[in-house]
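The first chain written gets the first letter, and so on, giving A, B, C and D; residue counts start at 1 in each chain.
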C-alpha cells in the first residue's frame, strides 16, 4: 500500500530521465558524502532496497534512466565509452571502457570509429565483438518490440527514412531494410573495429555510447522481449536471480578480467536488490539504521527528510545534491491561449514561487528558482539569462502590482488574450493531475493570479493517466507543468527537445513568428563542431526562449540519498545524477 | 387431596427501562391428572407468563419470580420455583412438557422431525440412535401422522401446519409427562385442523391420564375442551371456575363482556355485538385498584369508588367459583338483567 | 440437486463471460492509451501504432475479447517473426512490462494471496466466532464489554493503520522479522516456520478487522437465535444449556456466516491490496494495484479483475451448494 | 344502475410455480383462483371464507387489480375493469378500497396519521370540502379516534386503533366497495367486536358494500348477508348467511361449520362433529374431479373423476357437489 507521491520530480521521472556531465555545483553548506577517503575493502553482501517492484528494464536497448545506467554499467554491462567513476566535476569526463579510446571522429564528425579492447568477454567466455555491438544497435530499430530506450541511432545513422518519418530499417527481427543498416555500421575483418556512418555531423556522438543502448548484445543470446529479464553480463558481476517483485541477486562474473577493464574494481562478494519495500518501512529502516550494509535506492519520502537530514548523527549516511532535472511551467503560446508576451510575463511576475517551493519541501530539499531550461550542472552550455528572475520587478513571493501593469499593457497590445485572461466568463485553464499536492499548489497559484487580476480555473485530470494524455492536454490547457533532464552534458539534448521539434515541446510555439529564426539557429547549433561556439549558441537560444517566456517558470531540482552505517565509498556521480555504484564497499 | 400442579401466589415481573412489567400478580391455580385447565385472556393479560415460570423457561437474570408452584410427583412434591435450575431442567420433558402456538418456528429447521423427537427421548432413556428413531416413529404414529416411519426423516418445513403441531405434541409426550402445557396450540391452524388437534389432545389425555393446561384467547376452544377455566386480565386471575360456571354464571364484568363480544355461530338473528369499550391495560402501568375498572360499565355502581382505589380480592362465593370483583355476583346479575 | 449445480454452473460461466466482456469494454472506455504510456521520449504516431499492434489493441474490443477467450482454452502467441512468445493455455495474456505470460505471473502471486486469505480466514473465523459466542453468552458482563471494545477497535482501525503499526513495531522495532525478508515466500509444507514468519503478522492484521465484524455478527446472531421459539422448545425438552448452545443455537446462528464468510474469503482471493502492500506480499492485490497505478499493465489488470470476479462467482456457487447442505429448507424446496 | 356493485365471472388467477434460478422454467402453476363466480350487491356484505390457501385472499386482491386476473371478468359498478391498466384504474380505485389484516405493517411508520389518511386525497388529486385537514379530522372522528391525534405516528396507537386508521384511510374517498382482508383476525377478542361494530355502523351510514374475506366463521356469520365458501380456488357453496349456517349443503361447508368451536359448552358437548381427515392438498397439483374428494366422507368414484357442476339449489343458494346434503 502506498500513496503515490506525485511530486514534480516524479513527473520528470516518468516523462524523461537523463544524465549529464560537466561542472559541479555542490550545494553550499549542505551535507554531502565526502569521497572515499578510507581504503575500500573487498567482501560482504551489499543490499539495495527499493519501493519499485523491478528495474524498469534490464535490456540495454530499453534503458534510459540515469540511475539504472549507473547501476547496471557499474556492475553488469560495459559500454564502449563510459563516464569516469569519480565524484565531482571529473565524473563528467569520458573514458574508454570496452573501447581502446573514446572514439575517433572524421568526415566532420559524420564518421566515428572505435576499437574493442582485447580480453573483453561475455559471462559465457565468448569475446565481445563488433558484430555484438552492431547487433545491439540494430535492436533499437525494432520499434514494435522496444520502445523505451533512446532513439538517437534512428535519427543519426545514415539510413533512409520512410514517408511517415520512421526508419526504412525495421530491426533485426523483421529484417526489412537490413542491407541499409549493414551499410551504416561496418566491422573490421578481425571483428574488433567498428565504424559508424552518420547522416549528419554529430559532434557529441561518443556521449551516446555511455548509454547501455549503445552497447553490445550477442545475437545468439537475444531472447527478444525476455532479454529484459536476463541480459548477458560483460561486467564484474552477473545475474544469479532476478525475480520481479522479489529480489535481484548479483554474483561475481568469473569470466570478467580486471586486465581488460580499466575502470572497475568489484568490492562486495554479492549484491542483493530487494524490491517492493513499503515506503514507510523503507524509510524507517534508514532512519533507524536497521540494515547497516544497505542502501535506499529511492530516497526518502519528503516528510522524512527533515528527520534524517537535520540529525547530525546521520551525517555520514546521506547526501543532498542538485539533480539533473529542471521542472518547468510551459505556457501554451498558440492562438486562442497565451499568445501574448505581456500576458505571459504578467503570469510570471504574479506567481508566488516562495509558497510553491515551500509546499514541496523548500529550497533545501526541493529546489531553487531557475532562469533557464538548461541547468547549471550541465556546464558550459549554461549561462544565467537576463530578465525573468533577475528582473528587478521579480519578487519570489509574487509581484501582483507589476503583473497588473503588464496586464494593463496587454489590454492594448493584445486585447484578445487580455480578455481571455481577465474576463470572468472566459478565464485561463490550468490542467493538472488530480493529486493532493497539486490541489494544495493550485490554491496558491489561483490566489496569486487572482491577486493580479487574472481569471483562472484549475482543471483536474485523472492522475494515473495524466502523462499519457499530455499530447491532448497541451492543446487545451493554458499552462502545463513537467520537467526535463539533459541526456548528456550538451544542451543539444535539452533545447531542441523542449522548444524545438523534439519530443516534448509543450509550448505550442511552432506557429508563432518567433519560432522560425529560433529553429534555424537550433539546427545550426546541433552540427557546430566548435564546442565553445556551440555552447555560446545554446546560451543565446536559452535567452531567446526565456525572453519569449515560452516557459513561465523553471525550478532547478535537488535530490537526496541515504544509506546504512556500514556502507563506504559513496559519492554522487554527477553525469548520471545517481550513486557512483561501482565504488561502494562494505566497511568491515 | 392435592392436585398434580399447585400454583400459589405466583408473581412474575420483568424489570425494563420503562418500568417493571408485572406480568403475573398473585396468580394461583391448580390442575389435577386427567383434568384440563384453561387459562383465558387477551394478549398482554399474562396468561402465558405464569406457565413459563412453572416450566422454568424465563430468563433467570431478567425475571423476578416469587410464590410457589408445586408438582406433586410420585416421589414427593417439588416446588419448581424454589428448586435449582438443574432440578427443574430434569423435570422438563419428563414430568412436564409444553407445546407452543407456532409449530413452524418452535421446531428447529435444520433437524429432522424424527431426530428432534428422538433427542427428547434420549434425554431420559437409554438406547441406541436407532431406538430413538423407532420411538419417534412410534410417537408420530400415535399422534396420527400417516406413514410415520418415512415422515420421521422429513424436516419441519416439509410438514403441514397441523402435522407440525402433531409432531410437537409427539415430542412433548415422548417421555410420558404428567403435565402438558399447551400455549395457544391451535391459534395458527385452520379450523378443520384445529378440531383435529383438539380431538387428539383429548384422546391423548385419556390415554396418558395427563393434566393439561390450555392457554388460549379463544372462548370456543375453551368451551369444547376445558374442565376448569381461569380468566386473566391485567396479570391477575379475575375469575376461576368450572366451564359451566364461567359460561353460564359469570361473576366478573370482564368475563361477561368477553362472552358478549364473541359472535356466536349458533345465534339465530344477527345482533349488534356488545363490545367492551377501551383498550386492555399496559402491564407496566396498571390502573390503580381493579385493572378492569376503566373499561367496566358497572364500576359506577360500586359505592365509594372502591374500584378505582382498591384491588378486589379473589373471593370464593362457595362451590370453588372465584371472582375478583367489588360487586357481588347477585348484584351483577341484577344489573345485567336491568340492562337487558 | 445435480441439476441445480449444473444449472448454477452454466449460469456462472455465462456470467463470467459477461463480466469479462464488460471488463474489456470498460478498459476500452478509459481515456488512457496504453500504447502511448510505454513510449518514453519519442512518441511518434508510427511508434504508437506499432505499440498498439504489439499490445493487441489494434483490433475491435470484441475481437480482443474473443482472442482472450480463445487464448484461455487454446493458448496464445504474442509478437511475431522470430521473437514470438507463446503462452500455454490457460493464457491470460502477456505482460510486456513484466516480460512474462500473465498466467505465470498470476500463478506466482496466487500462493501469497491464498496463504494470506486462508490464514486470515482461519484466524478471523476462530477468533470471531468464539469471541462472538462468548460475548453473547455473557451479554452485558465483563467479557461482553471487553469483546465490544475489541469490535470497536477492530472495525474502526483501518487495516492500513494496524498494518503499518504492526510492521513498524513488531517487525522493525523488535526485529522479529528481518525487513529484507519481509514478504519472502516459503513453502508451508516444507518450511512451515518460514511460512509462519512471512504470513503470521499479515494474516493477523487482516484478520483483526474481519474478526471484529464476525464477533459482532456472531454475537447478534447467537443472541437473536437464542430468542427463537425452537430454542425455547429445546429448553422445554429438558436439554442442558451446553447442548442447546452447541447443537441448536450455533447450528442456526452460524449458518448465515457461511454465506458471508464464503464471500469475504472469495473477495480476499482476488487480493488484499492494503495488507499485501504493507507487508510486501506479492499477491494478486499488489499485482493489480501496481498494474493500475504504476505500469498500467492492461493484460494484468484484465486478468486480475477477471480472476477476482471469477472467485466471487465461483464462491457464490459453492456457498449456495454448501448452504443447501446446511439448511434443509433450501435443499428440499 | 346495475343491481350489483361487483360481479366476478369465471375469475381465474394462476401463479407460476417456479423452482428458482434464471434458467428454470415454470414447473407448474398454483391454481389460486379457479373459475370463481360471485356477486356483491349494493349495500350488501358478502363473506368469503375458507381455510388458508383456498384462494380467498387472492380473490380480494384480484378484485382490487393488485393481481392481474389470468382469465375471467371483473365488473365493478357496471364497468368491466378486467383489462384496465394502472392509469385507467386510478379513478376506479377511489371507489374501491381495501383494508388489510395487519394494522402494523400496512401503515407507514414514518408518516403521521394525518399524512397517511390524507394520502388518499393527494394520490387522486382530490380537494375535499373544507380542506384536507378538516376532512381527515372528520374521518378520525368517524372511526372513533380523537381528531386531536392527527399528528401522531402509528406506533403510538394500539392494534385496534391502527385498524381504525386503516379504515379511515379507506373511507376518505367515499368508496362504494370495501374489500376487507381479514380485518380483525390480528386483534384481541374484545377489540374485534369494536371493529366489527364500526364496520357495521359505517355500512349503515354510507351504504357501503363489503367483500369480507375471513377465516373466522363466527365473525363472517355475524357481519355477512351472504357467504361464499371456497376450497382450493373453487367456490364450494354460496348462500345467504342464515341458510348456509342453518342448512349447509356442501359436505365441506358442513365439516367447516362443525369444526368451529362454539363458545357454549353445552352445545359443544352435544353437537355432532365431523372431523376431516388429512390436510389441504397442494394447489399446484389439485385432486382430479371434485377438489374436496380426498377429504370427503361421501366421496364416490364420480367425485374423483368428474368436476361437479354448480347447482342452483334455491334462487340464492348454489352448491358444487355431486351429492349435496339435503
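Everything below uses one rule, namely that contacts are C-beta pairs under 8 Å (C-beta built on N, C-alpha and C of every residue); 3 or more make two chains touch, one makes a residue touch a chain.
Treat the numbers as computed from the prediction; the structure is a model and nothing was measured.
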Result of counting contacting C-beta pairs for B-C and A-C, higher pair: A-C
Most centrally placed chain - per-chain CA mean versus overall CA mean: C
Chain located farthest away, centre of subunit D as origin (C-alpha): A
Whole-Å separation of chain centres (CA-atom averages), subunit A against subunit C: 40
Subunit B and subunit C, separation of their C-alpha mean positions in angstrom: 54
Chain centre separation in whole Å, for subunit B relative to subunit A (CA means): 91
Whole-Å gap separating subunit B and subunit D, where each centre is the average of the chain's CA atoms: 31
Residues of subunit A that touch subunit C when the two form their complex: 1-2, 4, 15-16, 47, 49, 53-54, 64, 143-145, 147-151, 164-166, 173-174, 222-226, 228-229, 244-246, 272, 274, 276-278, 280-281, 284-285, 288, 290-291, 294, 462, 464-465, 467-469, 471, 497, 502-504
Residues of subunit D touching subunit B in the complex: 51-52, 158, 160-161, 188-194, 196-197, 200, 215, 217-219, 221-223, 241-242, 245, 255-268, 273, 275-276, 278-280
Subunit C to subunit B touching residues, read off their complex: 228-230, 232-240, 248, 251-252, 255, 326-329, 332-333
In the complex, subunit B residues that touch subunit C: 55, 57, 89-94, 97-98, 100, 102, 105-110, 112, 119-120, 123-124, 155, 157-158, 168, 171-172
Interfacial residue positions of subunit B with respect to subunit D in the complex: 42-43, 146, 160-163, 190-196, 198-199, 217-224, 243-244, 247, 257-266, 268, 270, 272-277, 279-280
